[in-house]
Every structure is written in structure tokens, then in C-alpha cells.
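Okay, so chain A shows up in both of these, paired with chain B first and chain C after.
Now for the complex of A and B:
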């Protein structure tokens, strides 16, 4: 069964949201959907670089006043 | 008198205990060990062969009136307010603070157990650091693979500090030319937070340290001396220096829904209250707070919890202040909080001196006798203030 998981990294500046994303990736499987919430501006570029490296897909990037939300589909694990 | 039970005699547990009024509260600290270690020094044992004594009996670090019990806790029932010790029976409480730190898990990655047992590391304990030092002192050249095996790790700067101190050591004994240092990291760059990476990346480059980013260790083939990453890369080594994954507490907690998949305890990020409980807190490395797992956060979280238990308002703002030894006698601090990004704070000799003197002042910080110094320091180094000065000049 595919899972949907919200990774709430709001407030995390160091080591930053990628810590939580990498941890969720380790515990994920193909087909899973991850949604990362962050306030650290670096999350956009880092998640894009991460997705390119790992062969996973960014479905959506949204930003409101409170947070940046990035939806990721795990295609490779 | 209300009973406060603190599980764990690390920095968070001791600072909390020493800031509670023992005329008003019956305070007990429980730990399976009777010794407390100054963990930041593991680095200097592993890479400099330091023989400094870094442990003291927990009982000697508590103020009069606080009880210490050496016992191993097997289970905690948050609904019944009961804590089960393997040696001394059942404990009850009015307030509970769990401050159990992280647990190294070298069995989580195939092949890592063998490396861990043979080579040690610079992160888990004195004996592992001594083991690693013995391998570094015997090293004659080749490829050294150094880094953290998974994303969750104590003390984010320490990983790169290890690579810097290793390079300094090899250069000083004339082995630099015969060695390739490869620093692998699950993050996008040598230092995870971009503003600090800008500060330290030039050192990484000029010292010839090769960086493998997005390298989260998947398996280790000990026979062929190869490390493979989840991201699909591989790396050969002659000497492996691998920090094992950090996991949460081994204690069984009821209800188990308060722990995440790696056994870290879910707590709110300002008040450290365990999700759903007003009388139970998780302090320091054992919790899921979106901040670094480091001594200073345990310290500041403990200070806030001591106020909250004593009925005064306090909150933790996510402040980090991690000393970062960039080798060759200089250091910096990684400073940020929940609302402010990491400061691109330049390394200096003064900051290195401050990091070194912390090894002495540390024992005072546990007792609370250094509080006025720290209050001044934290006020003068607020991240929003420093960012105006240092981030603006970029």
C-alpha cells in the first residue's frame, strides 16, 4: 500500500529540512507521497537537487505566508 | 511535595534538576550509568589522542537535595504515571522529564556493525574514540572515507570538524600527500546549512577534502571495502570513519504513539511537552524538535522546562549555538533559531579559545553557576543581530 506522509520541518534551520526528507526517504517505498513543510528558504533548491540526484519527482511547490510546501512522489528507492 | 522524575543524567537532565527548587519539589534523577561524559571532547580523543578526563560522577554534579538513583528504566506508562526500573522497582511522579539522548544503531546498516566494532568512531563514547585514534596513529596512507551514515545525527558541525582535524593531523605528520580524504554526507553540500557552508567550503577546497553530497549510507561491503549509498553512488576506502545512525530511546513508552519510527519522542517545539500530556516532557536529543541535536539545545530546553514546571511562563525559541572547530587553531559557532537562518559567522582564534574553555566551564553550566555568563553571551549573539552584521555583507 502506498503511504502519504507529511514531514513538518517548520522552524528547522540546521541541519535543516533535508534531514527530515532524507530520513523519510530511508523509511519510504516506491509510490509513496511525501509532503515537506518548511520555513527555511533553502528547502526549494535543496529538494530540487535531492530529487534530481535520487530520481524522485517533485509534484508541486507552494508557498504561503507561513510555510513552503513541497509534494514529492517516490519513484525510486 | 510534588515529585519530579528525570530520566537521564546527561546535560538536559542535570540542568533541569539543578534549576528546580528542592524545598518545593522532590527531585530524582535516574540513569543507568553513574558517570556523566563531556561528549564534545570525543573529537579530540579520536583525532588528537587527547587523554583529558572527561567524565564525572553524576551524583557530584547535582545540587544538594536532588536524589540520584542508578537504575535502568525498561518502560514508562504516561497514562498511569508509572516508570519501571529493572533494578529498583516502580517510580511514580507528578512531573516526568525524559532526557535520554540518542542511541547509536550500528545494526541499522548492513556491514556497519563490523566497522563500528573494529574501527570505532568519534561520536559515541570514549572507548570508540580511543579505538579510532589507534587506527589513525597507525595509518600509513590511502583513502579515508569519513562521514555520517544517515541524516539524523547529533551535533551537525562535528562531522566536518572530524574531517578538518583529520586533515590537520595528516598534514602535521607528513602523510597528507599520501592520503585522499573523502567526506560523505546525506546533505546537498559539505555543511548542511547554506550560510555556514559558504564560510567553511573554502577550507574544504583548499585542504583538498573531497566531498560526496547526497550520500546516505545504504550498505557496506566490508570484504571489498566499499560503501554504497541509497542515492546510488559508491565509495572505496582504506580507512572507514563512519558515524552510526542515531536513534531515540530504547525504553518502551506507553502509549507508543508518542514516538516516531526511529523512537524519538514527539514533543511540542516551544514547551517540550510530550504530545497529549501536560505533566511529561522530552528534553534534548531524545525529542523530535526541529532543531539540532546538541548540548546547547538540551541546555536551553531544560531551562525552559524548569520554569514551566515551577509555574512560570517560558518557551524554547529553537536557539542553537554549536561550536565548530575549523582546525589550525580557529573555530566558529553555528547560530540560528526557529525564526532566523544560520549566521555566516567567520571563524576566529577567539572563538576557538571559547570552544576550548568550554571544556572547563561545562561542569559549571550543568550546576547553573555559569548562568549569568551564558545569559550575557546569548543576548549578545542573537541570530537576528548577527545576521544583520554578517549576512548583510555578502
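Now for the complex of A and C:
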């Protein structure tokens, strides 16, 4: 059974969001979907770098007025 | 293959220690094996007790702006950043020779320090990875 988890890192400065993601990743399994919410502008590039490094996949990047939302699929543990 | 990030933290001013904190935490979150080798002036902030804010002379007048900005942006302290890095396995080492020179004993070091080691031990751990000198 795959899980879906929202990681709310709004208001957290770099490298907070990527650390919150790494923490959620530690408790995830293959097939899980993680969605990170952040306000720090560095999160786009950082999450992409993180996904490339750890072998996971960015499914979607969205931005509205108050936050950046990035959906990540866990392909590798 | 596990990537490695090794930081030689020589500087004693808060701005530079903060950079070391940011990169350690980011590196640890990226899954790298992070090692911080604290030497000379850096050691002044890694002994037990209160961590004083210190800026380089030429930027001293920027102190209040720096502190306000840190608070406004919710930037954590370098100490908290290194603690977060440690949660992912980062290690902090104090340079044994510099400790000797500065009269710092093992028991004087802050609990954030994992061990007192020599340069050869650090270089051996850093080999094949990325090394930064801050």
C-alpha cells in the first residue's frame, strides 16, 4: 500500500525544506508519494538536485501565491 | 556509492560557521557522509558554554541587520544546523593539535563534538570526496 504524505515546510529557510524532505524520505518506501510545501525559493532547484542524487522522481512543480508545491515519487530506497 | 562532504572549519566568526552549518545540513539531507573538522579559531565556538556572536571587523556594524534578517527568515542557528546534520550521521571532529595549542582539553569541548582527531585521520576520511575549507 503506497502512502501519500504532505511535508509542510512553509516558513522554513534553506536548508530546512530539503532536510524535512530527507526526514520524510527516511520513513518512506518505494511507490510512496511525497509532496513538499515550501516558501523558500531555493526549494525548486534543491529538490531537483536531491531527486537526481537519490534516484527519485519529480512528478510536478506548482507555485501559487503563497507556496511552491513539489510532488515527488519515491523510486529508490 | 556514498558521496562524502568534508569541511575544514578554520574560521571563528559566526558568518562563516553559519556557512559550514548550512552546507553540513544540506549535505546530510542529500545523503552525503558529512565530516566537519574544526580547527584553530573555529574551536572557540566548539567549547562548552554560551556561543557568542562574532562578525569580522569590517562587517561588525552589520550585526543588528544580520540578526534581524536571521530572525525574519527563520534561519536556524549554526548549532541547530549541525545538530540536524548529525541526525543524518554527520560527525564533528576537533583538531587535536589546535586543541593543544589553545589549551582546550577533551572535556572542555561541547557535546556536539564527536571526537578529537589528527589531520591524518581527517584526510583519510575525506579521501575521494568533496572537501571545503571555510
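The definition used in the following text is that the second predicted complex is superposed on the first by the 75 of 77 C-alpha atoms of A that agree within 3 Å, B and C clash if a C-alpha of one lies under 4 Å from a C-alpha of the other, contacts with A are read in each partner's own complex, and residues count from 1 in each chain.
Note that a residue touches a chain if its C-beta (ideal position, glycine included) is under 8 Å from a C-beta of that chain, and two chains touch if they have at least 3 such contacts.
Here the structure is a predicted model, which means the values were calculated and not measured.
K.L.:
First (chain B), second (chain C), both or neither: which does A:27 touch?
P.N.:
After superposing on A, A:27 lies in contact with chain B but is clear of chain C.
K.L.:
Please work out whether A:18 is in contact with chain B alone, chain C alone, both, or neither, and reply first, second, both or neither.
P.N.:
The answer is both, since A:18 touches chain B and chain C.
K.L.:
For A:41, is the partner it touches chain B (first), chain C (second), both, or none of the two (neither)?
P.N.:
After superposition on chain A, A:41 lies in contact with chain B alone.
K.L.:
Of chain B and chain C, which one touches more of chain A's residues?
P.N.:
Between chain B and chain C, the winner on chain A residue contacts is B.
K.L.:
Which holds for A:9: it touches chain B only (first), chain C only (second), both, or neither?
P.N.:
It touches chain B, and chain C stays clear.
K.L.:
Should A:49 be classified as contacting the first partner (chain B), the second (chain C), both, or neither?
P.N.:
In the superposition, A:49 touches chain B and chain C alike.
K.L.:
Can you list the residues of chain A that touch chain B in one structure and chain C in the other?
P.N.:
Dual-contact residues (chain A): 11-16, 18-19, 22-23, 46, 49-50, 53-54.
K.L.:
Which residues of chain A touch chain C in the complex?
P.N.:
11-16, 18-19, 21-23, 46, 49-50, 53-54
K.L.:
Name, in rising order, each residue of chain B that touches chain A in their complex.
P.N.:
Checking each residue of chain B against chain A gives 150-153, 156, 186-188, 192-194, 196, 213-214, 216, 230-232, 261-262, 269, 290-292, 318, 320, 322, 334, 336-342.
K.L.:
Provide the residue numbers of chain C that touch chain A in the complex, in ascending order.
P.N.:
Spelled out, the residues of chain C in touch with chain A are 3, 22, 25-26, 28-31, 73-76, 81, 84, 87-88.
K.L.:
Looking at the complex, which residues from chain A come into contact with chain B?
P.N.:
8-16, 18-20, 22-23, 25-27, 39-42, 45-46, 49-50, 53-55, 77
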